[in-house]
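You will see chain A twice below: alongside chain B first, and alongside chain C after that.
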Partner chain A sequence: MDLSLTTRSEGDHTIVAVGGEIDVYTAPKLREQLIDLVSAGQYHLIVNMESVEFLDSTGLGVLVGGLKRVRAHDGSLRLVCTQERILKIFRITGLTKVFPIHSSEEEALAATD
Partner chain B sequence: MQSVAALPVKETSDPGATDWPLLLVEDDDGDAFLVGELLAETEAPIRLTRARSVREAVATAAHARCVLLDLGLPDSQGLSALESLRAAAPNAAIVVLTGLMDEHRGAEAMAAGAQDYLVKGEIDGRGLLRALRYAIERRATEEAARALQESTLRAEENSRLERGLLPHPLLRDPRLTHVARYRPGRHQALLGGDFYDVVETPDSVVHVLLGDVCGHGPDEAALGASLRIAWRTLVLAGVPEPDRLAFLQEVLVSERTDDELFATVCTLAVAPDRRSVSMRLAGHPPPVLLFPARAALPDDQVGPAIGVLDTVELEATRIDLPPAWALLLATDGLLEGRDGADGERLGWDGVLAEIAAIGPDVTDKDLPELLIDRVEKRNHGPLTDDVAMLMLRWPAP
Partner chain C sequence: MAAVELRFSPLDEHVRTARLIAAAVGRRSRVAGVLIDEVKLAVGEACARAVALHRRAAPGELVLVRLIGDEQTFTIEVRDYGPTGEDLPPTQDGTRLSAIQLLADDELLAGGQPVGLGLAIIEGLVDRVAFAPATDGPGTVVTMSWPLPVDGIDLDNDDLDAVDLGTGNLSAVELGAIEKAIEEAVDDPAPAGSAPADTGPGNAGPGEPRGSGGDGELVRARHDDFA
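On to the complex of A and B.
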């Protein structure tokens, strides 16, 4: 299984749409993408997880690492996810208390919390 | 440890049977012609390609099984051509060509990693072919010896780490039994960072730890061992249960090699009368009760894994237990097995169904292995991640 990544800008936000499996083999690709964006001065990221089929602990680590990087620049990292099995992973790992999770890109873009 | 037979040795080279690529690095057209003629007379099916300089050779060396290298090239000095070729074609055998006057350089080249040397003008076709063939065999043998040494070192390293990760529990209560199993993931070469421990304190409370450093490899395994020993020390030193995970996070943050590393942890404190546990979950799946009923413990109080946030605030969940019980703790390697080749991840629901299918007659000692086997069968292959399991049983009075 592979990982697909596409990015686009929306105002001062960058939306990263992720598809496929984020696991120990593919997570480095996502890490690189997040590091590149932060290096390019993009500190408000929205990661759209709607097409993600699987997420393991390495993938969670990459998302947490991304959150730390943008927070170091007073930025934000929001997730878009409505898939129950992915939401469940965030729930059982206690990360719903760490990431703001939204049900659509519009909702994430409008969020100010 | 791998057996020698399984080591990644290049296929043996039978020059009579294989069309093997030989790279001749020679600037002198006359000498190159001579080598071509010598090989042609043997009728061996060699694919000869030629480079006139080190630069040209480096660009084409990657596919060569053997390199025949003249040391007196225009763009090389001393043994620099040999070094460049060894770097460009690390698996190829290298045979050096020297002149009659500088035969000593052949010996120097062998000390620097060439497999053999030949003196120009002293060789015939059959001799040349035999030298190339021996050089390839010698190179394969060297490679096998190197791989064997690496695999021996790795096995020693793994068993050292495994001793650190999987300890002897400090348990005095003879009625409370435990079984622990650890199985490395698909890439058996290296351990992951799963760890557990069991410590009974003088007040008869039994403290249990099971955790998983995210990621795989020696750094994660070493960090897992550090966390286990840190936790054991905190328990033995009498640090109250609610404070331990905050200290454990401090240890993790100061010892980790990478900011992204975090660890999921489940801790239990089994009360002296063994009729209740206090459970804390840091990003970790809850244990399951296997007996009398099969059910996962509640996970609504789960907090983030340690190493994620700056502070650790984990609520304890108190769970009352029946007079006799069995609990199973596992890392997510077990729960992330698939249900079928493209299926959903099993989770505790899928794993509990497998435990039900195994039935009640199996001993605690055999259950973890049987369970992993069944989960792997359902996964259609070995599990990707490491699996650590810890089973605790309190028998009926």
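On to the complex of A and C.
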């Protein structure tokens, strides 16, 4: 299972739907995608992780790197995730305090905090 | 006691191979189905750490993973040949880094590895984990273990159906997944400069068997049954 990435725009937000395994081998693809979006002036990102089957620390590092990039432009990076096994990794590492995590794309799009 | 031993070149793609093998052997050793995700994540983090250390300090050495099942415990040892414990903090309890520290780490913007985060995940996931200097040369051994269900008590292990415990064979599905992962990893062209050209026997590590030279990259698994 490789990593799949699809992006689409919703207003001034860009939704990145990620599927498959985000690990030390595949995470660079996600990093490039996030860098490309920020370079193209997309500063409000929503990463939908509902189809992610595996996430490791490298993947977390890429998401934190993406968050730092968009913040540099007063942007935002929100996550959509309801999978307990993925959420657990964010809790263990304390990153639930860093990322806004939503249960649906609609909720993420509507969020203003 | 039964054991499986895996050695692999320090390449990122082989970390997935190690995860799949650990999950298959874990199931075979009767690790509860709900814990298999933890086994995969923990062994993946330990192997990714080892690969990063090797790439920096021991690119010609193979990372060693031992998967050991006995009656009560499933144990995974990940042994690297990098600088001994230089990324390990003096204490082995408590959180290794905070999210705030992580946010302050500019290495992440440059594509660097989040040092310490993998260890934090291992410690958060695995109740029984130890980091110890290797006793036969440079490097660190990360030992992680999981309790096995007592006979007759099924800890919600739905995945056991997929494993033929009677003969000790992996299921065809698991074998297929492992073979495919190894094939994919070996078929992929190695990144430039990563092929260890010096894996000849003359360069063998202290007391450790080495892979045959000239293959560029290498995955070897050995299955020993001591029972």
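List of remarks:
Everything that follows uses one rule, which is that the second predicted complex is superposed on the first by the 113 of 113 C-alpha atoms of A that agree within 3 Å, B and C clash if a C-alpha of one lies under 4 Å from a C-alpha of the other, contacts with A are read in each partner's own complex, and residues count from 1 in each chain.
Quick note on the criterion: contacts are C-beta pairs under 8 Å (C-beta built on N, C-alpha and C of every residue); 3 or more make two chains touch, one makes a residue touch a chain.
Quantities reported herein were computed from a predicted structural model and do not represent experimental measurements.
Taken together in the superposed arrangement on chain A, chain B and chain C clash. In the superposition on chain A, A:T7 contacts neither chain B nor chain C. By the touch criterion defined above, A:Q83 reaches neither chain B nor chain C. Once chain A of one complex is fitted onto chain A of the other, the partner contacts of A:L95 extend to both chain B and chain C. When the two complexes are overlaid on their common chain A, residue A:T58 makes contact with chain B and with chain C alike. Of the two partner chains placed by superposition, only chain C is touched by A:P28; chain B is not.
Listed for chain C are the stretches 96-104, 150-158 or 186-194, of which 96-104 clashes with chain B, judged after superposition on chain A. Shared interface residues of chain A, touching chain B in one complex and chain C in the other, are 23-24, 31, 54, 56-58, 60-62, 64-65, 68, 85, 92-95, 97-98.
Considering their complex, residues 21, 23-25, 28, 31, 54, 56-58, 60-62, 64-65, 67-69, 85, 89, 92-95, 97-98 of chain A touch chain C. Those residues of chain A whose C-beta lies close enough to touch chain B in the complex are 23-24, 31, 54, 56-58, 60-62, 64-65, 68, 85, 91-95, 97-98.
Within the complex, the chain C residues that touch chain A are 12-13, 15-16, 19, 37, 40-41, 44-45, 48, 51, 95, 98-99, 102-103, 105, 108-109, 111-114, 117-118, 120-121, 124-125.
On chain B, the positions that touch chain A within their shared complex are 212, 214-216, 259-262, 264, 281-285, 299, 302-305, 308-309, 332, 336, 344-345, 384-385.
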